[in-house]
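This report concerns only the one structure given below.
So that you can tell them apart, the chains are marked A, B, C and D in the order they are listed, and the count of residues begins at 1 in each.
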Amino acid sequence: MQRFVNDPSMAVEDMLVGFLKSHGDLVEGTENPRVLKSRTAPVKGRVGIVTGGGSGHKPAFIGYLGRNLVDAVAVGEIFSSPTAKAFYDAFAAADGGAGVACLYGNYAGDNMNVKMARELAEEDGIRVMTVVANDDVPSAPKGEEKKRRGVAGEIFMWKAGGAKAALGGSLEEVIAAAQKAVDNTRSVGVGLTPCTIPAVGKPNFAIEPGTMEVGIGHHGEPGIAVTDLTSADEVAKSMVDIVLPDLPFKEGDEVAVLLSGLGATPVMELYILYGRMAALLEEKGLTIHRSYVGNYFTSLEMMGATLTVMKLDDELKELIDFEAESMGLTQFGR
Amino acid sequence: MQRFVNDPSMAVEDMLVGFLKSHGDLVEGTENPRVLKSRTAPVKGRVGIVTGGGSGHKPAFIGYLGRNLVDAVAVGEIFSSPTAKAFYDAFAAADGGAGVACLYGNYAGDNMNVKMARELAEEDGIRVMTVVANDDVPSAPKGEEKKRRGVAGEIFMWKAGGAKAALGGSLEEVIAAAQKAVDNTRSVGVGLTPCTIPAVGKPNFAIEPGTMEVGIGHHGEPGIAVTDLTSADEVAKSMVDIVLPDLPFKEGDEVAVLLSGLGATPVMELYILYGRMAALLEEKGLTIHRSYVGNYFTSLEMMGATLTVMKLDDELKELIDFEAESMGLTQFGR
Amino acid sequence: MNSFANRDGAVVVREMIRVIGENRAYLSEIDGAIGDGDHGVNMDKGFSLCLSRVDWETADFTTAMKTLSRILLMEIGGSMGPIYGTFFDQIAKGAKDRERIDGSAFSAMLGSAASEIEKLGGAVRGDKTLLDSLLPAVEAFDASFEETGDFAKALTALQAAAEEGRESTRDMVARVGRASRLGERSRGVLDAGATSCCLLLNSMAESVKELLKEE
Amino acid sequence: MNSFANRDGAVVVREMIRVIGENRAYLSEIDGAIGDGDHGVNMDKGFSLCLSRVDWETADFTTAMKTLSRILLMEIGGSMGPIYGTFFDQIAKGAKDRERIDGSAFSAMLGSAASEIEKLGGAVRGDKTLLDSLLPAVEAFDASFEETGDFAKALTALQAAAEEGRESTRDMVARVGRASRLGERSRGVLDAGATSCCLLLNSMAESVKELLKEE
């Protein structure tokens, strides 16, 4: 295992030390060592944006803490949901009196821990509403969308929710905007190599060299097909063909596209994929309003990529174009 | 080889298609397919900033094209210097009449191609001055600094030069600022795994599992020592111990720090390293004015990291804090 | 006796802590075959924390269960935090304000624990989870207790059913959790959660039987 | 004959293209030991481009050399683009306007090629570069030609010296280029550029000797 760690069971703690050191201008710790917050939060009267999840997905989740994005994050062990207490403390850290929008991904552990945290928070008079990202198309068939996992589409959800809150939206409005982002977003992942949790010390699944796993999840959850690893152009096409028909996206739609590497795939190759994907989207009559290509939501050192497409309307366009500042995503307003 | 490529010998071309598609708001192509320029360049009367180098280092080099950073880039094959013609065309694309600062790294091929391009440009009346980054401490002993390679310290050189040009500096002033950045910057790299150039198809060097190569270069150039891979804290210490004594950095210095992954090392682990490095720098009495942690200058899918430290004065502080917008580095002004 | 005093019952929790500690490596090893190999570590992290948080001199059954539940819920995370947290929370709730715990109270606790876990995690019997130990165990307890009215006998029935349930997971294909990734390849090994659940039920049954004997 | 016709000489370039194509993998492998493993790929990219850019029916020695040089300089980059581009540029320049190329013309071409490469790259003999094949080869050619006046014999001397030069790099420590940072660890393997240079000199010598025989 060629990795930079000390005691592997303390990897998350050690990481948080460095993260806080490096991003002290944007982010700060809280009394709960597993809860980080934006320096700008809470703002009195502004809806707080909270998320959380297992570690190992950098920049997700703490990398999206910042200005006009996420206000507080509950930090879990690697690939393991944070505690209910961490979610609860994140709610408290983000609450400016206008309620908290907890925008997270659809995983069993997160669902359970958020549910319990929400009960605690409501006992304490903090209003919490949730949006559960379920953008990963291959994780359940059409008609069973509620079972789908949340993957890199969560970033669009945070972007929309964070901008809406910054624009002064009420909790209901922020939730509606984040839910609209999720409802209009579809993703698919392709895995080329597995990854190793340092405390485990060996890959926790296998992908045969020469093959790829289409529909793989962010923790190596099984995909829908293991096929030969073909050319980048063919991979691009098969990913686009899974994403587009599902919503469906249709001619004339404006979209935002996010192509994220899973960790170890060179960014060069993401652009190779993206060039073909963009051409395919345009052939179908879609207009790409904005694109993000890079390592936005990773799985340790997995090789592979996830494609995420969001259908835009005027509101989502305004929200996605809104100025934002964080470790994982900094953009000037348009 | 678990990689997203089409014809491996066309990887750079394919990548450029996707890059231009994704970053059309910041960057545009030129008549030479191996030269990209910032949409904001050239600005009449402003010094043009040019760089160039082999591909495979994303975000370097084209990822630093943008506002207040690099104006034109000559793009080489993977790990191989661009042609003289590409450098020449980049000079022409960036020239706004005030001359061109060619800020590049110390590699034989780049030196030769820049030299030939410069001769061509001067025949055509374009003034070109150069700064050659040589920040990589282990690549040659003290006293022979001119032989050292340029690594991630190039980013500080571009940042300083780009900001100085944006502030209206003359060619001499821009060159002086970029040279000051280089003179005050030192780096070291540690490699944990090799990388594979797709057209080659196999790793072009080896690192035994359980060992690390201290002082490794950005193309796998051998380092100064192969040692057991120890804990992150010990690796951090050995990197700091190579960088600090060389300038030397001394108590009371303010510094900018850049810790870049080499590609496949999870960003989580960069923060583990950074936490310890920051503590070590502070123990030595240095003040970290600004830090960058992430994949800023990579080598395909190598695992490993490079540490870069720059000693700041008031001018360098102003330049490093200056607003900038590019794929690889976007920051609000301070 | 056919019931035990709440005031004496903290030992039930202390014994579970010991059992999880002893089986830490074993549980992780089982999880390693088809999961990510951390089940023993996850469980022991929570249970061992509980050892120092309970004042064993004064704690009763309700308090000890409540403390264990809170630690799991609040400090462990993952799926096991909320699932086992809910398990012991339902037991603590069922015991609350009771001076003595008898067979029907115990049946109610286990019943609500099982159904809350089903609701929370969305798994069903046969999915190769801890429910495959828990649900048959609860049913066996209830059937025996209804038939005989004997708390201790019902506990013995529970133990046998939990073990049978755990063994039944060996031939199941995982349908939830990480192991579901393996499809058919998840067959042939025990489920880690079902194994820890069986260990816990066994330990609880033994402890309670001791308490019933003592009085 | 003791000279060859410029008009017949394009074959010298076509043969070099073939030799580089055949040794693509071998040259990259040598480069891989102490460099970045792309020398064969770099060379073949430029040389193979040249195959389709030259009209082999009509091209003479000068045109073919000039085309190869321009492609290397303008389209290849790396170190080899400017270095070999300069090499063939000097040869083309030396052959320009000559109907026939004799031994002293050839000597002048090689001499200026070597000195321009020295100027450009700043390497000197013993630095473990292609100069360690080129410089001794040029000297051996000149010595033999001066002594015998026989173009073909001088070419044979050149071949022997180039090979000896290439072998001499095995025991050198690289002082320029990527391999230089290896220090002592660069010893023990051939230099890739010296190997390709030897292949090219050999191929040129063989082709020219054929041309000399034919007439």
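One rule holds in what follows: a contact is a pair of C-beta atoms (placed from the backbone, for glycine too) under 8 Å apart; a residue touches a chain by one contact, two chains touch by 3 or more.
Just so you know, these numbers come straight off a predicted model, no measurement behind them.
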Check: Can you list every chain in contact with both subunit A and subunit D?
Finding: B
Next item on the list: Tell me which of A-C and B-D has more C-beta pairs in contact.
Entry: B-D
Check: How far is the middle of subunit A from the middle of subunit C, if each middle is the mean of its Cα atoms, in Å?
Finding: 34
Note to self: On a C-alpha centroid basis, what's the spacing between subunit B and subunit C, in Å?
What the structure shows: 56
Next item on the list: With chain centres taken as the means of their Cα atoms, state the distance from subunit A to subunit B in Å.
Entry: 29
Check: Using CA atom averages as chain centres, what separation in Å is found between subunit B and subunit D?
Finding: 33
Next item on the list: Would you mind listing the residues of subunit A that make contact with two or more other chains?
Entry: none
Notebook entry, point to check: What are the residues of subunit C that contact at least two other chains?
Noted result: none
Margin query: Thinking of each chain as a vertex joined to the chains it touches, would you call that graph a line, ring, star, complete, or other?
Written below: line
Notebook entry, point to check: Can you list every touching chain pair?
Noted result: A-B, A-C, B-D
Item checked: Complex contact set, residues of subunit D against subunit B -> 28, 31-32, 34-38, 41-42, 45, 73-83, 120-121, 176-182, 185
Next item on the list: Using the touch definition up top, name the residues of subunit B that touch subunit D in the complex.
Entry: 9, 54, 76-86, 107-109, 112-113, 115-116, 138-140, 147, 149, 197, 199-200, 204-205, 217, 219-222
Next item on the list: Under the touch definition given earlier, write down the residues of subunit B that touch subunit A in their complex.
Entry: 1-6, 11, 14-19, 21-22, 55-56, 58-59, 192-193, 207, 209, 212, 229, 231-233, 235, 263-276, 278-279, 288, 291-295, 298, 300-301, 303, 305, 325, 327, 330-332
